[in-house]
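Take a look at this one; I'll ask things after.
Just so it is clear, A, B, C and D label the chains in written order, and each chain counts residues from 1 on its own.
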Amino acid sequence: MSHTPSTRLEHEYLMTLHAPVAEAPQQVDGSLTIFHSDRGWAKGPRIDAAIVAPTGDWLRTLPDGTLRVDARMTLRTGDGAVIHVVYGGVIRISPQQFQAMGAGAMLTSDDIYFVTAPVFQTAHPDYAWLNQVQAVGKVAALKGGEGGYVAYDIFGIR
Amino acid sequence: MSHTPSTRLEHEYLMTLHAPVAEAPQQVDGSLTIFHSDRGWAKGPRIDAAIVAPTGDWLRTLPDGTLRVDARMTLRTGDGAVIHVVYGGVIRISPQQFQAMGAGAMLTSDDIYFVTAPVFQTAHPDYAWLNQVQAVGKVAALKGGEGGYVAYDIFGIR
Amino acid sequence: MSHTPSTRLEHEYLMTLHAPVAEAPQQVDGSLTIFHSDRGWAKGPRIDAAIVAPTGDWLRTLPDGTLRVDARMTLRTGDGAVIHVVYGGVIRISPQQFQAMGAGAMLTSDDIYFVTAPVFQTAHPDYAWLNQVQAVGKVAALKGGEGGYVAYDIFGIR
Amino acid sequence: MSHTPSTRLEHEYLMTLHAPVAEAPQQVDGSLTIFHSDRGWAKGPRIDAAIVAPTGDWLRTLPDGTLRVDARMTLRTGDGAVIHVVYGGVIRISPQQFQAMGAGAMLTSDDIYFVTAPVFQTAHPDYAWLNQVQAVGKVAALKGGEGGYVAYDIFGIR
């Protein structure tokens, strides 16, 4: 074992999540901001689901200004599966970008770093494959203001 | 936004972790098994650190038999940084493989699925880059019995 | 230090929480059931607040059948405070009681054990006292079916 | 339901915990300090157990200066039970008190507020009663410096 990798990281596209932000984020204090959503969707080659409540992100600001995602999401598929999604993640966004976003700008992964790490839990046999994968999400778009939403692509790590 | 990805997932090798298992895992009940470690190392192009206590994994077994990692690790570098590492993850291992491992066999990522998603926290300016990345770990080796350890490669997601 | 207490536990009534259950609980699998609420209230001698989204309980069933509360709640007061509440807890309820509740029965602390342990977080100076207390909640009423809700009294531990 | 309690909080002494601090706390950044312990004991009318690794507290400092306990502890009884303990909690301690403690002073619940909320998990039938109770811990003594430890009384809430 030396300090070079002996494994190869591979990934597979699983789905895209699109979550409208329900209303202005709730600022608890300088270290905690709460977002929530009760609609939106998750679509991919093997899934077509709605985001339902309870879905929220209890976003923490670390002393160095980086953000830590702490999110829980509920998905319901057309064929009756309830899927619990939980994820941490890391966001880097400058104060200027944050302000622009609040004024309605749309940011993408070219502008900001926004990567999450979802895991899934469900008893529905058609979605057992979701229980078996550590996923990673990468922001596709983040828009603030009226009609604000976040979209990210979810990849399964292999 | 359709159900194809608009982003590209990339990764960069950060370090390899090597954590001897301190003693036999502690079985709390059918849903929770606790491992801990108080030595080992993390080495990579930009880091050379020791694993110190408290470091443990409170591994949960879901009803479908897949495992969920719930780990907290403390790293200390030669130049005095204290780095808090926290990660979830997903493990798939068959009862036969688990038994073989307990008897001293070494498993690799060819045998089992064992992927984690670490995030890091530190105030040391030389390691600020760790605060800014969502990482993914992939098992390199998992050995049970005497001299048991787990090793995994850590990649930063971009 | 012997095995008798050297401290005295005291408590003070802080508020009563009344949370209508928004809809039927979402059963993820045999170990996880999700409840959520987006209305209700918290009232006490020093607080009058509304329960808002995101508010949910990700209730886990342990192998021995006891339940573990894992809840996050958001409160908004009339004078503009946003208060984040997070709590674990323990519930003991028999299958017969659970079935009766689902059919609309109201249970109280005479029937079931339902005790939670909330902590609060807010930046609003009028509610700084909430940041400074570990609280305990005891179920006052739990009603299932149409018009279902949970109510509990919250006491600050001293 | 009005803003007076309809329930009565009662409690029962369960045990006293005595946890030597293994070494100087590890300061991650301004918001996170890690303590750990790998010895100590839990004694009460119905339990006599040793504290073993992994046991730690990932103590968070909120923006208002109050502290949030985030602890995981492992207990092992003489008759072979493994008991997982997890607890949050709230600590209020002044900078002066913190400094005095670091220099070796012993503080008690007359000096500081230090209340935790443990829950327990075990499969051992003789300790099934621990699975069924939300507990509260109150600091009995907190000593820093050489020979430092924390002791608290644990009460079951009824």
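FYI, a residue touches a chain if its C-beta (ideal position, glycine included) is under 8 Å from a C-beta of that chain, and two chains touch if they have at least 3 such contacts.
Nothing here was measured: the structure is a model prediction, and the numbers come from that model.
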item: Equivalent interface to C-D, taken from A-C, A-B or B-C so that over half of the residue contact pairs match; value: A-B
item: Chain whose mean Cα position lies farthest from subunit C; value: B
item: For subunit A paired with subunit B, centre-to-centre distance based on mean C-alpha positions, whole Å; value: 22
item: Gap in Å, rounded to a whole number, between the CA centres of subunit D and subunit B; value: 27
item: Averaged-CA centre spacing for the pair subunit D and subunit A, given as whole angstrom; value: 34
item: Subunit B, residues touching no fewer than two other chains; value: 29-30, 62-64, 121, 123
item: Topology of the chain contact graph, where touching chains are joined (line, ring, star, complete, other); value: complete
item: Complex interface listing, subunit C residues touching subunit D; value: 1-7, 9, 11, 13, 15-16, 18, 43-45, 62-64, 66, 68, 86, 88-90, 92, 109, 113, 115-117, 119, 121, 123, 128, 131-134, 136, 138-141, 151-153, 155, 157-158
item: Parts of subunit B lying in touch with subunit D, wherever the complex brings them together; value: 22, 26-30, 32, 34, 36, 38, 52-56, 58, 72, 74, 76, 82-84, 121-123
item: Of all residues in subunit C, those that touch subunit B in their complex; value: 29-31, 62-64
